[in-house]
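Across the two complexes that follow, subunit A remains constant while its partner is subunit B and subsequently subunit C.
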Partner chain A sequence: MAKVTIDGIEIEVPDGTTILNAARQIGGEVVPPAMCYYTSLKETGGKCRVCLVKVTQGSAKDPRPMPKLVASCRTPVADGMVVQNITSPDVLEARKGVVEFLLLNHPLDCPICDQAGECDLQDLSYEHGTEGTRTEFERRTFDKIDIGDKIKLHMTRCILCYRCVFVADQLTPERVHGVLNRGDRSEISTYIEKAVDNDFSGNMIDVCPVGALTDRTFRFKSRVWFTKPMDAHRNCSKCCGKVVLWMKGNEVLRVTGRKDRYGEVKEFICNECRFEHKNPADWTIEGPRHINRHSVISQNHYEKIDLQNLKREVERQIVFQKGRQLPEASPNS
Partner chain B sequence: MGRKLLLEHINEPGIQSFEVYRQKGGYASVEKALKTMTPDAVMEEVKKSGLRGRGGAGFPAGMKWSFIDKKSDKPRYLVCNADESEPGTFKDRYLMEHIPHILIEGMITSSYALGAKTSFIYIRGEYMYIVRILEKAIDEAYAKGFLGKNILGTDYSLDLYVHPGAGAYICGEETALLESLEGKRGNPRLKPPFPAVAGLYACPTVVNNVETIAAVVPIINQGGEEYAKIGIGKSTGTKLISASGHINKPGVYEIELGLPVEEFIYSEEYCGGIWKGRKLKAVVAGGSSVPILPTDLILKTAKGEPRLMTYESLSDGGFVSGTMLGSGGFIVMDETTNIVKNLYTFSRFYHHESCGQCSPCREGTAWLEKILHRLLHGQGKKKDIDILVDAAKKIEGNTICPLGDAAAWPVASAIRHFRKEFEEEAAGLPAERNLELATH
Partner chain C sequence: MLTDRAKVVVKKEMNFWERIYLPAILGGTLITIKHLFKRKTTIKFPEVKREISAVWRGQHVLKRDEHGAERCTACGLCAVACPAEAITMTAAERKKGEENLYREEKYAAVYEINMLRCIFCGLCEEACPKEAIFLTDRIESTDYSRQAFIFGKDKLVEPVDKRIDVTKRQTSEVLEFKKNKQLSHNR
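And now, the complex of A and B:
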């Protein structure tokens, strides 16, 4: 076991746990955002850089700070490690930079994007971005591609998190899906647009943090905030059969896996459950699904997080936890 | 005359061939190491020599070797990084083209020290003609019993392969190189684990630059202590410098570390001064990624001491007033050089070569290039300069591999030392420069 302190809050976690997962065990606002890491997909993470944190003390044995900000999703904790997330101005500044980079070429077509309302990039921009943009250049565009008859690839919106590549790699038997070209010309592609045709390909849609991979059977049917998410299940021979039905009245508009509060599906579902069962009678409905994120999807209830306030709040909690007065400066800086 | 350890026989006719190379004392280090030394003793000599990696980062070679996981029961690999693609750097090409056997010899001796039974030379695809030169040299070494089974009758065996890349600067980053060598897309890996623990095919691996491996030859021949007598402090031995730009005698020079920069630029033995009788304006001392320095700071440190060709002296003053020795790509610019244009060229390169995995580098390098392009073409705005500085700062240190830093440093340093030129570009183009651009 290793004891780590994140934004002043101490927690003990098994050795080998990443900083991000340690923070998730604490929960709340000390959890760094993550756009590319995905717990159930091996080797994901490290790419988007939104989860960067500052390690001000490497470990009890070697208390030196780490020279650079590190990707919390891929950096394991060490006993005695001290980490700053929202209490470090450097981290917030770097994260603001990453958000700006991610938006430089993003089409910002939220009004016509099916992902709007449940888009991690939208949430991230609200929380960590700035209003307005400093770029005046034409944005990069790609042609839309149909990946089979059920999935649409809108490369222009992609942030190259590589999650779908790992889905193709790890959940499906054939790897016909990968990244072509280099740098800002990189694109997700199927081998000569060959349809990805196997039972678990639909999970690419669920793992995509933005609107680059969307469900063609749901295309333009409704804004997600006009639908009602219901937990439901059926007996399925291929997958767990546990899904969310996105309903409007009695109609099932879309079926997805169940995302946790960090946007991750823990149990992947098969294409039959996702695409072939749009009749409510096919499902045992468990009840409404609670969307507990401060997400854009919580229409009219959305509150932008004020990071300065949040920092004060966290610091207040630390005082409370430790039962002693805080020093003038923020802890560990 | 400075001592020459690598290029001593460069002018010897036929030195490309095994026979002439051998006559000149070639392969002595292999004989000495395999017949009279244990692998650990070879490693010990390299440690004593103080040799630092010649690929750019300057990490002590002996220390890197000692990290290799010898307890692992997996095979160990030595991989030579011959991807040499940093603008301004062409020393490895020169060495491999003219004295291929010194690299082969270094590979054998080093592989022996590391306990590697299979080793690779990963070479950039554009060096196809050198692939043929190296393969011929390897064939000769096999034929003479210096490669293959039971080298020189000992129980040490080694196979050596040359593997050409497909033309990507990023494949010079050691973990991208290993991915590429494994036949995958050349994306840098996240570290840790470092190659010494999990490198090629997840086995313990050492990656070293061509020049680093070649330097093992004189180190074993004369002993590490003797080698360490050349140079100053922690900068020991000789270094190949690729000198280019506005000098009278561009080329590859072997210098003893510790040579004053001023002597290197102006003496007849080396660069022979600035061409066309012009004045020096700036130098990029270690390949395109290192900070550019104006004349006063490249010849003397901020403290007023003469700047020397050593790792320490060149980085004296940090990035505020110093730079880095890097890979030794020494680019000299005369007083007529347009710094903005030079920076644009570098930025275009890094944008083109970014692998695109991580967002700050993928998006940031493209943005830097676009802003510089518009500055250079009369479309610039004053705020562009601040955006450049800020974007570079947000790339630096926040990426997976150092390509992001390599793209950011030139921008930050050019604006730090030549801000006025950027402001002039932003304010509008001087007429004659407009014309010059139009004809390019």
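And now, the complex of A and C:
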């Protein structure tokens, strides 16, 4: 076990846990954002650099600080480590720069994009970015590609997080899609637009943090915030069958996996559940899904407040705010 | 009792002059006659029109761009901003050959504003990222049926040959803001 302090909050986690996961165990604002790290996919992380944190004390044995900001999703904790995330101005400044870099080539087509409203990059740039850009070059553009008949690839919007490549690698037996070219020119591609017709290929829509991979059956059907998310399940021989139905009236517009609060799907669903069953009668509906009230999707969705959860949240906030404050200066100094 | 402001009603017996009501009636008539010689507060609409503010919020218009293509891309921000929930829309994908009709690859196939629900607050105009919807100085027409107040694209989109001027609504601050090429949405 290792004891780490993140933004003044102490927590004990098993050895080998990354800083990001330790912060997630604390929860709340101290959790660094992540665009490429994905818990349920192996080997992800370390690419987008938005989870950068400052390590002011390496460990109890070697208390020297780490020379540079480190990617928290790839750095394991050490006993006695002290980490600063949002309490460090350096980290916030660096993150702002990273967001600016991510947006260099990302088009500002949120009004058209189907991901708008549930887009990680939108949230990230809203929180950490600046509204202006300093680059004077043209953004790179690509033609839209149909990956199979169910998935659409807008390479222009891609931020090269490689999550979908890991899905193709780890979930689907033979990989038919990867990254071509290098550097500025790199692009996600299927080898010569070869269809990805694997049973789990639809999951690359869910893992995509931006609107680069979108569901063609949902294309321009409705904005996400006009649909109502419902938890539902069915007996599926290929997957767990636990999904979210995005409904408008009695119509199922879209089926996705269940994302947790970090936007990660723990149980992937098969293409049959995702694309073939758009009839509400096929599903056992469990009830409306909880949506964070800060999300635009929660517009006009009302739900009962869990008072015990609220109390826990308030207590957590109090502890957090205490940890954030600098220790009081002694009177003789 | 909830407050201490309750008043006890006094039922006083009326005296002779009060009982015949004539002084009260005469007093009332006098007020009426006085108003005959005062300046009128009403005007004869529609012959005479009242002067309205430059930023008057009247009937909406869906603008076209300089090439005559519709600016609206059915992003739904006006509908989500609308406090009266008056706006509904259905999006559609632009086909090849329609580039002169719609500016973006997605457009509003159906765009409806329920004018009976609309409170003319102007939040839709403020929310619009594409400068597509504006409230104009036109006064919304009257009608007999409720259905006629649901304005579709036929009434909202400006005709290509009869553009509706909204320059009055674009304040100097807005024009200045648009000149700033550093802001990515002005590109």
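Please note the rule applied: the second predicted complex is superposed on the first by the 293 of 333 C-alpha atoms of A that agree within 3 Å, B and C clash if a C-alpha of one lies under 4 Å from a C-alpha of the other, contacts with A are read in each partner's own complex, and residues count from 1 in each chain.
Heads up, the rule we're going with is that contacts are C-beta pairs under 8 Å (C-beta built on N, C-alpha and C of every residue); 3 or more make two chains touch, one makes a residue touch a chain.
The structure presented is a predicted model; accordingly, all values stated were derived computationally and were not measured.
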item	value
Contacts of A:49 with subunit B and subunit C, given as first, second, both or neither	first
Contacts of A:134 with subunit B and subunit C, given as first, second, both or neither	both
Partner chain in contact with A:98 - subunit B first, subunit C second, else both or neither	first
Subunit B versus subunit C as contact partner of A:159, first or second or both or neither	first
Which superposed partner A:225 touches (first subunit B, second subunit C, both, neither)	second
Dominant contact partner of subunit A by residue count, subunit C or subunit B	B
Partner chain(s) touched by A:69 [first = subunit B, second = subunit C, both, neither]	first
Which of subunit B and subunit C A:112 touches, first, second, both or neither	second
Touching partner for A:185 - first (subunit B), second (subunit C), both, neither	first
Touching partner for A:143 - first (subunit B), second (subunit C), both, neither	neither
Set of subunit A residues, in rising order, touched by both subunit B and subunit C	134
Partner subunit A, residues of subunit B touching it in the complex	168, 170, 185, 190, 351-360, 362-367, 370, 383, 387, 391, 393-395, 397-400
For the subunit A and subunit B complex, residues of the former touching the latter	45-50, 52, 68-69, 71, 74, 93-94, 96-98, 100-102, 104-105, 134-135, 137, 159-160, 162, 178-179, 181-186
Residue ranges of subunit A in contact with subunit C within the complex	103, 108-112, 116, 131-134, 219-223, 225-226, 296, 299
Contacting residues of subunit C [partner subunit A, same complex]	73-77, 79-80, 91-93, 104-106, 129-130, 182-185
